[in-house]
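Note that chain A is present in both complexes that follow, paired respectively with chain B and with chain C.
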Partner chain A sequence: MSDDDSQLTNNNGGSASGAGSVGNHTTQNSGKGDEEQQQFQFVCKIDNARILHNILSALAYKKDGQMATLSISANGLKFTVEESNSFQGNAFLQQELFQEYHFSSKHEQFKINFSLLLDCLNIYGSGASFVSLQIGYRGYGHPLLLLLEQGGATTHCGLSTLDSEQLNNFNFRGHNIVNKVIMEAPFLKEAFDELDWSSTNATITLSPNDFRLSTAGASGSCQVDYPHDSEVFESFECKSHQTNTYKLALLSPAIKALSIAQKTQMRLNEIGLLSFQHMIENEDKNISFVDFFVAPLEEDMNDNED
Partner chain B sequence: MECTLSTGYTKLFAKTVQCLGKIGEDMFIEAHQDRIILRTLNSSRVAFFAFHLHRGFFDHLSLEDNQERKFAIKLKPCQAVFRAYDTIEKCILRLDLIQERFVFELHCKHGVKKLYKLTYEEIQPVSAVYDKDSCPNRLVCVPRKLLEAVSNFHSSVEEITLSTGKTHLRFRSHSEDTTAGRATQLLRTETTLDAADFDEYQVGETDITFCLKEFKALLGFCESAGQPVVVHFDRAGRPALASLTYFNIFEADFVLATLLDPNRRSTPDANSSPSSSPQTSNTSLIKTPHTNTSSMPSRKRASPDSSPTRGPSPTRSSPTRSSPTRSGPSSPSVIITSGSGGDTEGEDEMDYETIPLSPARG
Partner chain C sequence: MRFKARVLPDKATLFQRVVSTVLQISKECVIHLTQTKMQFILAAEITEGGMQVWSGIASNCLFEDYAIESLNNNEIAFEISLDHLQRALKSGQDASEMLFKLVKKNGVPYLSFVIEKQGQQTMSIVQDVPISMLTQVQFSSYIEPHLPDPDVQIMMPPLKILRNVIDKMKNVGEYLSIWANMAGEIRFKVESDMVTIQTSYRNLDHPQIEGKSPPRVNPELEAEGKVRVKQFSKFLYSYQVLPNNVVCCIVEGKAVVIHILLDDLYMTYYIPMVVL
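After this line comes the complex of A and B, so read on.
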């Protein structure tokens, strides 16, 4: 759990997670003998740790103690954050992003302290450039190891891994996607900035004619309308009129990425589940995606066709 | 009431709202046939800003049944309305009596339409009666000069003293009196401006002390309006005035209370009750709100069940010029009047002279 300079090899068993996982990892390793000899199941390298930090910070909505689930596959890394079964955010770090990417297993999934991970990635400060990063993972029950280097100074970090819980499957595509718009992120950010954040809920209306965002609070109400033919939309494909209400507390982490994204796709399926897909252009001109699902408030689920 | 801002003046209006927002919590709006007046008073009632927007400021200005309207809205949500003023192409302000909301309708770039409906309160607005011409000291200069001078002060400085002389004037941070139980300031700042820096410099030797934050706010506004600022003042204890005119369609008056006597200032937390002693004549401007409760306008909420009377309240027409007589024989050049009633007097910081009340003029 520390971001100090303890050696990679000293950091495994002790900081490993839940009791169950520790037991498991010993049996797993018993045949292979010494801990230090054990092969890394997963190793990746990236020349610029800031790229990772930039993408992942789009998922951070708590100051500290935020947990995330990391899924490793041959295609890349996926970080998932969830809140109260109504909110999910995913960041994909496709393997092309990395200069080296080796994964010998099929699929690994575990939970880590996301806030600490971000702190580790940013250990040389946000102004530091050319921080190279290696990530290693020996397997179930082992910590996730980070090795950061800048100008000859290295930092070893070990983040203990926890058993992951079942992630929510929002099954967004399980229902017809009725409304879809693509906007330049700054325009959408401006729309959300207008909202009265002291309100609890925000209402999003998508119809063939316009896109409307509104809030109502003690001091009054606020409403922003974008006509369908406005140039802020790169594409506007809305088939039916939908009005849904969402908790602002869940919307706000989902739109945080608007400040770093280039474009955002906003979609609504027929049960009112809202999806944002933010396109982020990295410093190395690679494109990454961060997406979010936000469930509507119950009472609107039934009458969203009005 | 409904009005449409002239496109060219949207920015000036946005700056007005931002400036008001730096001072007070409520914006008092008075809609007349030929103009709209926006006012605010800060919480300690030592700063009062009023903006007169004449008909030329608007593309369109109309009153329902030619009925003048007086009401107040909260400034905080208003500031949010004009945060992105550079995208606004058309701005309509409307008092919706049916929904009982004050509506900002903004037509912005890219066809975006924004609609803000804010609750309002029907209220007799605060007002000040002042006579600039009775102030013996007068300065005219570009706001930038003064802004540069006061920008030297650290933001923790609450009050500054302006000392004027024949050839130059000096701003210095006002030091706390040690008898007030507070340590003297570690940092003192002093900056001097030459009389030649001013377009007009007609002053005697005077020391006045007033609040810095509000002074900066008004200078910032004047700077963005791009017009020279005229400063009028008398002597310690009398309010200082700044004013700005924008092509006869826009006038702004800023009133800042000044400390009565820097050396005999009471502690900020000593909540001296105005009822304890009648103010002497030299403390003129000064708060004697208790004397005026009889003329206090009633405060009405615009709520559906209270069915507020919107006609002129009996106090509205009471002559404001009568106020000076309440505060003593030497009639002050400025009186800040408040519709909020004498019950707020306890909140006033006693650093400054307060301000007798009278209903809004106009």
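After this line comes the complex of A and C, so read on.
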């Protein structure tokens, strides 16, 4: 390892320059010399890789092959996962989380294999502690480099980068936010766990008096109700009675992610777009946020029927 | 032909762990008993690039009242299904006594376990594990691979963490590159279109082979090769026996040989190198 702390080093003959990419193609970087000479556009360091792995695992809903878009800015790193234009998840790794964060003023955005990224972050296993992590990026066409050290082991990873597509802008605030509920994460998870997950859709109803989740399917129907003054709510604001139906598969990532969050804020805007904002307390006591947007199925918008 | 032995009470767990470790690789196994040792041999598919496992333990390390007699130099070899053997050994856990012997029932050979458990009452369990005898001629086709001296031999890094690393590497591709030198360094690498992962260790020791002079630490001596990551990962199950030493030998162009050592127990994994 080189002594230069601000650089991801290349061991003599031991660097993993990884597979680079240009556009939608991937090319192997043949010239190690080229890699070494090109300056890093971005480098950051964190002493405990587990913190990042924990936050990012909130976005993992596929067993493997899941892609994500990474945006690098002065404020931090943002990972985005999407499904068509009905679902989006974002994890924010704010720059304060890192012991070092060197941003070169060039905003970067690209796609990577998120499943493999998580495997790399967790390379030494979940039992391993004190895994230090450096992330580096030399710019367009170069792989995202990771350096993970634990005890006597050093791991270099190079993840291919692909051009990112335009991310969905749900423009949540573009319509009035009518309903807002803050709940401890375990309570909301418990409520959703009661539903029949073999159903295709779930309906969420918010009225000034209560909060209701329901599913209806071949095996029957199921309903969970909380009155507005229930102790499960840290706060409950309902400006307008709303009933919306969502695909359970699109709600699932946000619900799964509740298991690592302390609490969550659920908001609905006028057109029934649902937003979850999960608050996660990290090992180092910093707070991080992961949010999710789920679009309603088109038939039920502001259905005033009970 | 005669064979019987009693499992030493505090060695039942080790016996179980050895069987369990070999079972992770293959259910079908050959057991070879001699006057001094018990061997477990997995030598199937060697010609198709398959890995081999040769494991042995001194009989007096696991057993007492060990008696063996046969026309073939007092050696006995048979095929056995390790999952059946494991089941018998599980019954023997916490037993006050576990004996086993070769028997024939209705003309069919078995390894018969007689287990006594003390509880409120004494319970006696008999487990017969079917076996398939190998003749001297049949067994003679099992020959431990003879390889040239390794180019590099180096202590493996701790298995506990290495297991997790190799596990993640399995997700990336079929082949694992291993590189090591005689200056304490070893590197494991996998690559695909999407990712390259390389894990390296330094300051590893080089074992001294009995009867030979201590290894000369020489950074210029290095060796590497590619193996199938799935095969390679199988030796990692041996963490169960809590080995004293795990040595990695690289014979360039031929094989990676891993030696697992714990007192009188040895497990040798021969992993063929792939030439792509």
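Convention: the second predicted complex is superposed on the first by the 266 of 306 C-alpha atoms of A that agree within 3 Å, B and C clash if a C-alpha of one lies under 4 Å from a C-alpha of the other, contacts with A are read in each partner's own complex, and residues count from 1 in each chain.
Simple rule for what comes next: a residue touches a chain if its C-beta (ideal position, glycine included) is under 8 Å from a C-beta of that chain, and two chains touch if they have at least 3 such contacts.
As the structure is a prediction and not an experimental result, all values here were calculated from the model.
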Chain B versus chain C as contact partner of A:Gln150, first or second or both or neither: second
Chain B versus chain C as contact partner of A:Asp64, first or second or both or neither: second
First (chain B), second (chain C), both or neither touched by A:Glu270: neither
Touched partner set for A:Glu83, first chain B, second chain C, both or neither: neither
Touching partner for A:Gly125 - first (chain B), second (chain C), both, neither: second
Partner chain(s) touched by A:Leu116 [first = chain B, second = chain C, both, neither]: second
Which partner, chain B or chain C, touches more chain A residues: C
Which of chain B and chain C A:Asp47 touches, first, second, both or neither: neither
Sites on chain B touched by chain A in the complex: 74, 76-77, 80, 83-84, 87, 101-102, 110-119
Contact set on chain A toward chain C in their complex: 11, 14, 16-19, 26, 64, 113, 115-116, 119-120, 122-125, 127-128, 143, 150-160
Residue numbers on chain A that touch chain B, as the complex places them: 187, 190-191, 193-194, 196, 218-227, 229-232
Chain C to chain A touching residues, read off their complex: 157, 161, 163-165, 167-168, 171-172, 187, 189, 191-203
